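Across the two complexes that follow, chain A remains constant while its partner is chain B and subsequently chain C.
Up next, the complex of A and B:
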């Protein structure tokens, strides 16, 4: 009875919480910017970008081999496995090339869910998901990616739209 | 002299304390709730119908988007359900990695719950600490499968790839500091008088009512019933793990808080056992190129952070798609207990009741 009354009178619980807050406050106050080791958990995003994991799933990108030739041979595996049907391939031919050549490879990014099933199904390593994550744009057309002609480029890490905060700062 | 009448108000669907788009129609007499009617369906996407049109491989991406804070658990339920349907045996190493990731996901889900629930009730500090640890878990997911929330972590028959180099070290670094972090949350909340005033005896639900309503997970265990699918029907590598099922008998918000915190300690134990006893070997079973089902049906339940998550599949002969897919979503069933918890109580306790049920509206509406 007396013990519980004392506990009500003297706020030990509040003291414990304040001590913890004080501990972290003091730690930050003393250590900040003095240690080489990273002690904080946040990054000042537009200026400092967090290092992404090697397996990060970003935008779909087509890659070329050493001769600058497109690796894709139009097996349509990625088109078939895509859960949201964002890939459209048109089979064609190119002079001096034995395997089929994609005359059209359209990628509608507005519906893409970045599951990496297409990359997994590809037997020729012709597509990857790169590390691009700033994928906002003002116009719907900016989300349509293709090989050429009025589309965003599928081959390079190009900005999707005029969106990047990081670029504005630089 | 004074004319009194009951008033009807809407809590939500844009109220920040309803954790999404839950709308609760409340009939109030002064500050006392007379009738409480949850209205759902604002986030309905028709996942079950969509999955009938997709192959077993493709359907997994929709499970990510049901319970978006515990997507790895959802992936596990889907993958194991389909494996049960086709009789695929998964390698032991894949089982261990799956168990480890699912328990990490349970931690991240409970941490999100702890932060937001405390924030609803009025304790701001815990939110920041809880999200600090959650960040580290999400980094682990990013290293393993490349995404932080919509993971699509597993494949039918095992895993897509083995663990990335340095992953075990990353998990161990988290493991080493997590128990201290749990003590920090306890310092801030467990004995705090304001926290106790807002939680002890609030939103009561006894075991009989919980069973009658079909409530599972920590809400049921806080009422005194030690039902945990990891123990009752072991899946993945849980048969080889040693852990306890924490229970409390009070059945109030404080008991649920204690159960979830104790569950986090047990998850920590399971992850440590997975890290220590990780077997060598392949991570993918040998599969036929195209999965085609005979006519049969399967129900597979797992213990998601919110409760029993069950997948029901009906296969179609020669088809790559399920004929029918149904999800027994824990949040959906647990939400039924809300009127029972709140009717006759105060309006402010409705917020605590919604928070303590830990509903995710993506899973309620599907």
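Up next, the complex of A and C:
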């Protein structure tokens, strides 16, 4: 009785809440500058990139082995399983290579739904979804990736901001 | 020194300009502090840069931009490495806030009572600014004008505008007028949500006016005065030692009522977004909205000044009358001198507490608000007044 009356008289819960938020405020207030071990969760995006989770699904990328050879053997498993049919492979041959060689590997990102079925179906680990998330572009053609020609490269991570018009303006 | 009429007018104008500039500059800084403090409480960083695109195409994308805002952002980015200065990153946001409010389109809704609609934010802001004329930021002169100064040379520049004997009554009376601005503006909007918000606000402010005034009666009884300077001095330095716990409890009750008076969280039922779109100022835009905004924050500064003046020891160092013990060390010691810095420090701390509470507590339900006001705060304050009268009788 007396305890409950005292509880209504003195707001202990408010005190507890204020103490908690005050603790967090003090912590972040003192260490709000950039340092190795951050206390806050803010990502200062354009300058500092967020470290993504390993399973993040970014853009489709082809992988080369240690000799610089394309690992893809044109089994067309990825082309078949793709729900939106964004992958087109043209089978070909190359001198001194036993397995088939893709002469064309086209990837149209504008329709891609980033489901990672292609990567899962690949039996040779020759494609991955890399960690690139800055995929916006001003022209529709920029979303067509292939093995040849200019920046339409299937092998590398695209340079950041490469697609933006602003880069050309400055 | 007797002053001529010209000197009186010029001096008053100078004081008014300084006071208005002080309050008007403090309001955007409080909004910036609000962003930052709430962000830090939520383990974020808050505003750290301004928007890009000012004076140059595609500016502000990174800190490397060569445009004006881009350069500013670059400066703030490098400021982020400096331990304590990194708090002030994003400070230009308050200018952007003010410019945004001033340049927005001014809409008067169809069917609104146009005259009252325009008048009511003015009522709010005038009442919020007028009360500062009775607030003393320091008991004496801030500085003395040098003799070569035109018209007012050699005269002291007081830290208060007027030193009226019924200062507290004046403050409470004028600040109560502010609720007319809210109610009339809500009613004149010709819209349902503002009307509901305005009615809630009126009921809330009227019910919390009672415990607020009653809790302010405690220092009035203890000091036997209504003059701001006199009350601040006596509650800080001349109270009986029994009154210290009384002032302590009175401070918390006063602060609770002050939160309700200024429509702040956790009592901001007038602008409960989940129920009423944004309460009484739903239909207000541009300058008129910024007037309400200004009035709310000016009221915050006012209630903080009152709490600092009457409970936290006013212009002296120690709160709750502890200064009484310190006074035995001698009147001339620096910690026994009244100073505007002590007062402003207390006011700023209380403003921080306002934001801190906003970041912590959820909003009360309407019936809970009335429950707290009528069933708890008014009996508490009556008991406090009784105890204060007893102490006054003993001492």
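Just so it is clear, the second predicted complex is superposed on the first by the 118 of 170 C-alpha atoms of A that agree within 3 Å, B and C clash if a C-alpha of one lies under 4 Å from a C-alpha of the other, contacts with A are read in each partner's own complex, and residues count from 1 in each chain.
Throughout what follows, contacts are C-beta pairs under 8 Å (C-beta built on N, C-alpha and C of every residue); 3 or more make two chains touch, one makes a residue touch a chain.
All of these numbers come straight from a predicted model, not from anything done at the bench.
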item	value
First (chain B), second (chain C), both or neither touched by A:65	neither
Contacts of A:17 with chain B and chain C, given as first, second, both or neither	both
Chain B versus chain C as contact partner of A:125, first or second or both or neither	neither
Chain B versus chain C as contact partner of A:110, first or second or both or neither	neither
First, second, both or neither for A:47, with chain B first and chain C second	second
Where chain A meets both chain C and chain B, residue numbers	8, 14, 17, 20-21, 41
Touching residues on chain B, where the partner in the complex is chain A	54, 57-59, 61-62, 125, 132, 135-136, 139, 142-147, 150, 152, 160-161, 164, 184, 187-188, 191-193
Contact set on chain C toward chain A in their complex	37, 39-45, 48, 57-58, 61-63, 66, 77, 80-84, 86-87, 356-357, 359-361, 376
Interface residues, chain A side, partner chain B - complex	8, 11-14, 16-17, 19-21, 41, 52-57, 81, 83, 113-117, 120, 129
Interfacial residue positions of chain A with respect to chain C in the complex	8, 14, 17-18, 20-22, 24-25, 27-29, 32-34, 39-42, 44, 46-47, 161, 164, 166, 169-170
